[in-house]
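Labels run A, B, C and D following the written order; every chain starts at residue 1.
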Amino acid sequence: MSQKSNMIRVAIIGASGYTGAESMKIILRHGEARLTYLTAIPAECGAVEDVFPQFRGRCDLQIEPLDLEKLAELADVALCCLPHKVSMEFVPRLLGAGLKVIDFSADYRLKDVSVYEKFYAVKHTDTANLARAAFGLPELFRDQVQGADLVANPGCFPTGAILAIAPLLAEGLIELDSIIVNSVTGASGAGKNPSAKFHFPNMNENLFAYGIGTHRHMPEMEQIAGELAGSEVRILFQPHVGPFDRGILSTVYSEPKQNVSDDRLLRLYEDFYGGEPFVQVRKDSPGVKDVVGTNYCHVFPAIVKGRIVSFSAIDNLVKGASGQAIQNMNVLFGLKENLGLQ
Amino acid sequence: MSQKSNMIRVAIIGASGYTGAESMKIILRHGEARLTYLTAIPAECGAVEDVFPQFRGRCDLQIEPLDLEKLAELADVALCCLPHKVSMEFVPRLLGAGLKVIDFSADYRLKDVSVYEKFYAVKHTDTANLARAAFGLPELFRDQVQGADLVANPGCFPTGAILAIAPLLAEGLIELDSIIVNSVTGASGAGKNPSAKFHFPNMNENLFAYGIGTHRHMPEMEQIAGELAGSEVRILFQPHVGPFDRGILSTVYSEPKQNVSDDRLLRLYEDFYGGEPFVQVRKDSPGVKDVVGTNYCHVFPAIVKGRIVSFSAIDNLVKGASGQAIQNMNVLFGLKENLGLQ
Amino acid sequence: MSQKSNMIRVAIIGASGYTGAESMKIILRHGEARLTYLTAIPAECGAVEDVFPQFRGRCDLQIEPLDLEKLAELADVALCCLPHKVSMEFVPRLLGAGLKVIDFSADYRLKDVSVYEKFYAVKHTDTANLARAAFGLPELFRDQVQGADLVANPGCFPTGAILAIAPLLAEGLIELDSIIVNSVTGASGAGKNPSAKFHFPNMNENLFAYGIGTHRHMPEMEQIAGELAGSEVRILFQPHVGPFDRGILSTVYSEPKQNVSDDRLLRLYEDFYGGEPFVQVRKDSPGVKDVVGTNYCHVFPAIVKGRIVSFSAIDNLVKGASGQAIQNMNVLFGLKENLGLQ
Amino acid sequence: MSQKSNMIRVAIIGASGYTGAESMKIILRHGEARLTYLTAIPAECGAVEDVFPQFRGRCDLQIEPLDLEKLAELADVALCCLPHKVSMEFVPRLLGAGLKVIDFSADYRLKDVSVYEKFYAVKHTDTANLARAAFGLPELFRDQVQGADLVANPGCFPTGAILAIAPLLAEGLIELDSIIVNSVTGASGAGKNPSAKFHFPNMNENLFAYGIGTHRHMPEMEQIAGELAGSEVRILFQPHVGPFDRGILSTVYSEPKQNVSDDRLLRLYEDFYGGEPFVQVRKDSPGVKDVVGTNYCHVFPAIVKGRIVSFSAIDNLVKGASGQAIQNMNVLFGLKENLGLQ
């Protein structure tokens, strides 16, 4: 596509990981945004095509160490793909350089600093920006995102789990102390660094639980759920990882306060997500392959033995990370929300 | 191994499917049992090596249409790998031919005929044998199995799920109306017949739920759980299938009646399964790859936010089918229980 | 993207298979083309989102039985994704309806009717159109494609294999009677219909050869190679299929007529493919994952023990089918060649 | 199985890797051999069940640092699973301790020390034992193995490739300067240490070539082929790795000296391998899944366009490593050759 002069200029901070690459892929076909600046730690710098062979002939930028002046000059918005804890060191500088920032880390998601500090075991050093960051789940908080200059892009598990039950929470239909979120993610969720668990001969043909009682996405889910319900919510979240690259299937168990029919449930979901481009209410159970490579979330609620079982499927790297970030970017800049994401 | 004259002679009825093949594999290295007679429907008969190339040079039997006289003459025990509903037509004849029978179908598992008839949508035609069949989960019902001449080999999901929580049920530690069993099975669970869902380009890189509210293993779980608890148990069972050949990981959520510590929980499991060769209590969460190809079940209980989360991993074709059948056979014939299963 | 009135209107004939779906996916983000008409056999018709859940919310067309008048009215170009033999019944009518046609089948690829009739065991019924069809491998025959109204979209294996060795053939560098093409394709190459070989529990963790001495892409390779070399070429082609969805890795063995250095070889490839957007000459061996989901072909030639070993990787459904078709469409309509393919 | 007093006592040196684990698995069901001593480098020692959870309840040994006195006292034979170069430091000591040794490394395979030193880039320090080591491919060199006290267990690729063409070489049927071996291995071939290439999100859904012109199994193939042919043989060997755990499919291309029919070819193979328990001549092309988990090699030769294409499938960890080692052990000790391997 021809690169028009009024295109949004996008920098990716921390471009050498999986979410950086996925963001690049989306921006390359966006139409109204273009990549202008890519950064990483020195050990992971170099021509994009050397870091990611899949970009040979598609992107001739260099991944460089971050230079704030260059950034200020070259970009309108930064997709900040740095890890937790590192992000809050850099975000104030990115904002200071005059950019809008969409941050992929957890550093600006948890409004209660003490919860953050407990789960991430580190002091929060940028509480001022934390206070004003928008939570970038546009389907639920689009108003916050419009007008923000800092967006906390949600975690992958919370995105899927919350979209699975948001209508129930918003309608006050379920008990708030007995929600169970059982999720299975593809292995790309573990990131780019090799390890014994994700060594192919171990991960292939395998499936296991992890983060038992300790996963950091649990308080994030509880916070968003609480905002939707207008009251404290208690969630038991149990993640698992399976032998596939991408996708998260969440199976969420909840107790309705009173009897509800399958039909009413379906209608509730359809009404709640009616105008949303990226949330599709299914009439059957979705598979992760129905959404892999897309920014879509497929949801399906059912009544089983008096409980509600809500399913959702997303691509952890798209709706669970880079796609949602660019959806947020589109909202921030007043563009059509599905640009680059069709 | 040399074939001693006093070896148990094993027939496999319905030898052309996955559980038939797995049973053959185990008997071939058993040491005190040998294959003598293999049957299938005519369309699936032929030399074993033509039906299953992996047996070339390992087994030179023919798979033949069932002939009851030949069976009576050639075998001491029948592993009956027929599908539900077909099994109860044949089992009486197998017993009539003087053999001990280990039946892989659901036909002799559900003691309440009305539950069977509801979930399998067919009239039960062999209630006399149903009444006296032993439920072949040796870890829980070894006494029944010893001395039986008909053993109902348990379903794969019930085996994994019940072993995950049997100590809790037997000790009366948990509420009986809020148990949730969330399981993920490998695709061999779907059997040998090609279908759109299990076509490689659909199943690969995919994961989805099925049998929502309707899976036939749900009443089976409730029956066994009820026997252990001495009271009616209500289980919400949700199966999923993932992109791997073998294995079931079950994640079982339950509510303790009163506070219990991780340590006490672990000790309870260790005491309960102390002498069992095939149930291993782990100190961490098991992966399906830890048990694939074996008859072992790895379990691990944990306390999360006041609930108990119990994990179990089995190979659906071994401990969930053929391995457990041969474990039952070993019990029936007074052999060492792990023969062929080490 | 907003749908401009001057967009190319695209019909997909045979939209219910894998190449139909992949074509839809690409057109949906093309920017200067849009889907207007989708057809299939009656048994596979219905809302796109019911046939392919991944298009829910992305495309609200119906897949309908073909109506030639409607087609003529609604579309400028037809991507004809019908199977071999069926295609030549329909292509004359599509052309007759005034459309440009890009045909995915083999029916218009083999210029020698007797070779076609031998390998496809059927009489060719549309030799007039066969004679004037362009062979749609733009990197080699772009001139033919521009100006054509019927394009024969190449086979997936020939695309990868020929791009791996085209510089050698065009330069006359290798012996023409001893070329060996060894390829491994992902399982999507087998199409959408379930079968025993591609049943997940059989195909997963498996790899096998097929089409030994009989694969229909062999004469297609020989024809194109012959055109490049200006002389008859003899190719031994051996395909294999492995446990992955997409991608073909071809390893092509050939004998240089005289000594050639690695450096000269690399320069030859770089010169030959210098301006091509979709062929990337690597300095190391490509993996299929470097190209999956893209229209790129990565090639790498090396000298081993006096032979030339040329590697190429493509996505069988993109550069090997739908992507190349849309690349051809872009050429036909004078658009930027990578529209929809970035 | 009861452990008889006259069982062969087996030590595994370097028990913490994949071939160590596979060897343990086989010995555990051997019947006439038992594990008595397991060693590894200190960082990888510990209870077997902690190093390999799949052995919980199946083996209660400790993996310990090597103590030669203890070894001499406890074991009759050592399976030496150390890496290349390390092995030749330890093998003389193992022999000195009075054990028979089956060595998995390349250190005793290449009879020409200069070839070894070139390909392994290290000086050979144990040429005396090298000279007398038997090459442990029993189907071809059973006489050597009987009576040996040191067996060099062959490489995985040479095992598959040579068994695919041994009848052709022994009969003098093919040209010796134009053999091409194209192989695809599963990822367990890369061993246990995590790396970027074998990180699940990279290796999954991927397939690539490696070791182009440099793979160390190439001279090993040439040496064995040369012995069979009685003359120097030149082999171009190109390995690839695909997204599956186990198995090697080798596709070997050769030129017959004169015309030969498919039938004669098949008969030649059947005669050559007639009595061999572990080599099965197929009438169709084998898949790796036909042999995975077994010590079998399936071969199939075909004529294609005047060339011979020979296929073989083995499990790289069984017939390509641990299974063949135990087959060798059975030969060394005069046992039935398939003990533990049925």
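As a working rule, a contact is a pair of C-beta atoms (placed from the backbone, for glycine too) under 8 Å apart; a residue touches a chain by one contact, two chains touch by 3 or more.
All figures in this text were calculated on a predicted structure; none of them were measured in a lab.
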* Structure fact -> So the chain most remote from subunit A by C-alpha centre is D
* Classification of the subunit A:subunit C interface as same or different, half of numbers criterion -> same
* Report which interface contains more C-beta contacts, comparing C-D against B-C. => C-D
* Structure fact -> Between the Cα centroids of subunit A and subunit C the separation in whole angstrom comes to 35
* Asked: Between subunit C and subunit D, what is the separation of their C-alpha centroids in Å?
  -> 40
* What whole-number Å value describes the gap between the mean CA coordinates of subunit B and subunit C? -> 47
* To do: Two or more other chains in contact with one residue: find those residues in subunit C.
  => 204-205, 243-245, 286-287, 289
* Asked: Which positions of subunit A touch subunit B when the two form their complex?
  -> 178, 180, 182, 184, 186, 202, 204-210, 212-213, 234, 236, 238, 240, 242-247, 249, 251, 253, 285-289, 292, 302-305, 307, 309, 311, 313
* Asked: Can you name the residues of subunit D that touch subunit B in the complex?
  -> 1-2, 28-29, 31, 53-54, 56-58, 205, 277-278, 280, 282, 286-287, 289-291, 293-294, 296, 298, 336, 339, 342
* Which positions of subunit C touch subunit B when the two form their complex? -> 18, 187-188, 190, 192-196, 198-201, 203-205, 243-245
